[in-house]
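Each of the two complexes below includes subunit A, the first together with subunit B, the second together with subunit C.
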Partner chain A sequence: MKDVLLQVKNLKTYFFTEDGVVKAVDGVNFEVYRGETLGLVGESGCGKSVTSLSILRLLDEKGRIVDGEIIFEGKNLLDLSEEEMRNIRGNDIAMIFQEPMVALNPVYTVGDQIMEAIILHQKVGKNEARKKAIEMLRKVGIPEPEKRIDEYPHELSGGMRQRAMIAMALSCHPKLLIADEPTTALDVTIQAQILELMKELQKEFGMSIIMITHDLGVIAEMADRVAVMYAGKIVEYADVKTLFKDPKHPYTWGLMNSIPRLDVEQEKLKPIPGIVPDALNFPPGCKFHPRCEFATDRCRSEEPEIIEVEKDHLIACWNWEELEKVKKIRRIGDAV
Partner chain B sequence: MVSYIIRRLLLLPLILFGVSLIIFGMLELLGPDKLVSVYIRGPESEKVAGAAERIIKKYGLDQPLPVKYAKWVGNILKGDLGWSLVGKQPVLNAILSRFPYTLELALWAIVPVVFVGIWLGVVSAIHHNRFLDHFLRVFAIVGWSFPDFVFGLFMILIFYSKLGWFPPGYLSYESEEIVRSAEFMKITGLVTIDSLINGRFDVFLDALRHLIAPVITLAYLWWAYILRITRSSMLEVLRKEYIRTARSKGLPEDVVIHKHAKRNALIPVATVAGQMIIALLAGTVIIETVFNRPGLGRFMATAATQLDYMSIIGGALFYSLLLVLGNLVVDVSYAIIDPRIRLK
Partner chain C sequence: MVKKEVKRVVKKFFRNPTALMGLILLIFFIIVAILAPVISPPQDPDNPYRIPIATWSLEPKPPSPQHPFGVIGQRDIFYGVIWGTRTAFRIGLIVAGVSTLIGITIGSIAGYFGGWVDEILMRITDIFMSIPFLVAAMVLTTILGKGLDKVMIAMITFGWMATARLIRGNILQVKEEQFILAAKALGVKHFAIIVKHILPNTIFPVIVQISMRMGSLVITAAALSFLGLGAEMGYADWGTLLSYSRNWLTDFEKSWFAIVFPGTAMVLFVLAWNLVGDALRDIFDPRLRG
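Moving on, here comes the complex of A and B:
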């Protein structure tokens, strides 16, 4: 039996704006096992970042978690006081962000920003913290860490900055790392290096990772299991091999058709038609139906719940059985 | 950092040269005849036969422009800014004897005006759109909307006429006697500092009593400006991703705000604060008039109404020097706050 580190149950995070209520996350369930990587995929605005911010309770003033539980090592994070929550942030659960350029404070040195968390959580002195910070910088592959520690973020390249971010996040050896599009802003070659580094460090520290991305390539590289999100809900949830071999939800198909492949003849990439619906004005029924070529009357009126259709393979679609036939004809899947 | 300051300092003479050209041009607008008559308004001793010729020779008024400019600059560098009609003394002395009163008020006002203003802005931003924020903004904008002489007169009416707490002027009659006496050492020219050096605590308290009302008036009238700049800058910074990073590390909110947000938010505030400090040093005409302080602002206002050209030109030079040096200080403070600027 695998050991559950984090369990998110029926999470609902709404934003109360002047224009109305935005249901950014609307009933999301998933769990993260110790030592594994869970991928959270979806287009921009599907609620994946809001999910991760909800876990750390770092939503801005308009966002509120209206329902659900976030159980981390047996404790519901939503029941903790702000002070108890601060002890978890950076210490048990750390986070890295998309743009290392803007995620590091420009007016403090890299070392200062790394040492801050170490001093706070590990209750050590400045000198000890500095040693640990240099050690972390070396671990993430920054050359001459003794020199680099006193540099400011703008003196580092994009890749180095993201490495510094990772060093900062891992400085207190968290049990869970939430990586929100950690490679999106980087060059492709640097992307691969950063992913490789994260995998190495995951093995070394034995931590779990929630990998948030819109890039299925990153998922294939990193994740053990995947949750595909669309418009605030998880529409497909399976382990990574199953998902690539046997995707069942038409949205997942769409995502896969939009990545170029060398092994199959493709005339051109097929993007998913339409755009992500406006969160203030979701369509009735299944939120994907306006963009789904298989939509039926039922899809337009009733919203499907996510159900387990095969062992450990969950999807939210009324027509999944019919779609199995279509899949054979169109040769969807088998991508791994 | 050092090279940044040196580069800034190297620019100084260039800027001062430009400023001097403009002021010299203003003087030239008077035309040669008028100029002689302006220069000749000197002390009585110069009003003898041949005085005009001497002045024409001294200032090179019959020479071509470049020579005239060189002579003018040469005289300024020697400290000769001409004769002040209003002050009935050389312009340089007139300015230097009034500046301490302005400087004293400025120094005492900087902390309440600038630093309290910044603090109020931060408080306002933290309580964004809640009661305290609304209250502070309304409170400050009311101050900003008051004409300074009206508010100043209110202060005098309430705190002097009614309560008798804060009299106008800069010292009481008794203290002024002590300050004027021979044994009172005048080292800085600032009464509050000199009195402490002389061990006259009573004089110090008396000077302070005279400073409170103008300082409160300045602070209240100027807070709105610095509060709003600080507040909007803070609000912008608080939305930045590095603030989220800081929170995600588990830092307590006051560290997030006072360490991570404030320093970034202060970059635009430094400009405004610098301008305010320069304005304080240049003297505030109305505050000095209302509270009867013999400062620079008041002197310049009188000089302007009396068409005292030499004092006006001298004052303009003095202000430009203040402005250029003040901007230098602002530039250096930028570099201290923001490491990215040091490299440029």
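Moving on, here comes the complex of A and C:
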């Protein structure tokens, strides 16, 4: 029996804007086990980042968690006071961000910023914190950490900055790391290095990671289990191998078809038609139906609940059996 | 670390000739202000800011060895210019300091908390801004009475709005930055976020503004003095000295020294602060580093 670290139950985060209510996250359920990596995939604007900010309770004034529970080590984070929450941020749950260029404060040295977190949560003196910061920088593979610690963010390259961000986030050995598109802004070789580094540190510290990305390559590389999000909901939830081998939701299937493959001869990539619906007015029924080739009348009027169709494989779709037939036919086609 | 930083600032300062000129001018004024009792020993040590009566004749007297800058309104201009340096620093430092502090407080509260707090504070700022400064300052000094301290109160009361707006605008921009979110995600407190993370990123334009204002405030004070609202007659203040020449405006030949000497002091003072302000902007703004 695996040990659940974080459980998100029926999370609903809405933004109350002048134009109306945006249901950015609308009833999301997932859990993160100790030591594993959960991938959260989806297109821009599907609610992945809002989910992660909700976990840390860092939404801006307009956003509010209207319903749900976020259970972290048995405590509901939504019941904690701001003070208690601050003790969790950075200490038990840390976050790294998409843009290493802007996620470090330009007026402080890298060391100052890493030390801030250490001093804040570990109640140690400045010298001790500095030692720990240097140790952390060494762990994330920054050469000459004794020198780099006194440099300003602008003196570091993008990859180095992301390493520094990781050092900052991991300086207090959090149990859960939320990585919001940590490699999107980096070039491909650096991406690979950073992912490798995160895996190593995960093993060393035994922490769990929520990996938020739109890049299926990153998911394949990193995740143990995957939740695919679409328009504020999880539409498919399975372990990574099952998901890549046997996607059951038409959206996931579409995503898989839209990435180039080396092992199958493809004439053209097949993108999913259309775009993510406007969050201010979602279509009725299944939110994916305007883009779905299997859509029926039922899809247009009734929203599917997420259900377990195979063991540990959950999807929210009325017509997944249709897709199964199509997949079978195509597979035969491939073989011929 | 600190040593390295100081070294860098000094090095940059000395590499920039205009900054160096500003600094030299400023140091010159500071030395004059400090050494005032040595350069022009006061007749009445308890009341050094009163320019002693030099002559009983009402006619202005051109520069002479005894009165190097001449005499106007029975007062020695040299004494007035020297001791006026102290007055200039006092006006500049106190008014710029206090009004900036008020501006930063109001601006950062409005900017950080936003919403109706912002709305109320900014409307108050607008009201203060809509009143023409000179008129407002005149009305207030009339109510409070004459004297340098009253002028300073008036200048503070109507002098904080630009800073408040500047700070608010900068905070609105900086608080959306990802490093603020990153700091929050590390569990840093609101107060520490404002003071440690937001203000250092917004304060540089304000520091530059302060040093620019230091100079211009002295001109404003002089303008009020010239209009008869400033320091009382005989007070060692450049504006007061200038106001003496008001009676001789039509006769420049006879009173040029009363305008040229305090006027030059004032222009150089403003220039010094502006040059230093420019240099500070270049040096301290970390975004311009490199």
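We adopt the following convention: the second predicted complex is superposed on the first by the 330 of 336 C-alpha atoms of A that agree within 3 Å, B and C clash if a C-alpha of one lies under 4 Å from a C-alpha of the other, contacts with A are read in each partner's own complex, and residues count from 1 in each chain.
Heads up, the rule we're going with is that contacts are C-beta pairs under 8 Å (C-beta built on N, C-alpha and C of every residue); 3 or more make two chains touch, one makes a residue touch a chain.
Note that the structure is a prediction, hence the values are computed from the model and not measured.
On the superposed subunit A, the positions of subunit B and subunit C overlap enough to count as a clash. Applying the stated contact rule after C-alpha superposition, one finds that A:Asn76 touches neither subunit B nor subunit C. By the touch criterion stated above, A:Ala103 is placed in contact with subunit B and with subunit C alike.
Of the two partner chains placed by the overlay, neither subunit B nor subunit C lies in contact with A:Asn10.
Once chain A of one complex is fitted onto chain A of the other, the partner contacts of A:Ser301 are absent, as it touches neither subunit B nor subunit C. When the two complexes are overlaid on their common chain A, residue A:Asn91 makes contact with subunit B and with subunit C alike. According to the touch criterion, the shared surface of subunit A, contacted by subunit B in one complex and subunit C in the other, consists of residues 56, 58, 61, 86-91, 94-95, 97, 99, 102-108, 116-117, 120-121, 152, 154, 165, 168. The touching residues of subunit A, counted against subunit C in their complex, run 56, 58, 61, 86-91, 94-95, 97-99, 102-108, 116-117, 120-121, 150, 152, 154, 165, 168-169. Residue ranges of subunit B in contact with subunit A, taken from their complex: 128, 239-242, 244-252, 255, 259-260, 263-264, 337-340, 343. Interface residues of subunit A facing subunit B in the complex, by the touch rule stated above, are 53, 56, 58, 60-61, 86-91, 94-95, 97, 99, 102-108, 113, 116-117, 120-121, 152, 154, 165, 168.
Of all residues in subunit C, those touching subunit A in their complex are 1, 114-115, 177-179, 181-189, 196-197, 200-201, 286-287, 289-290.
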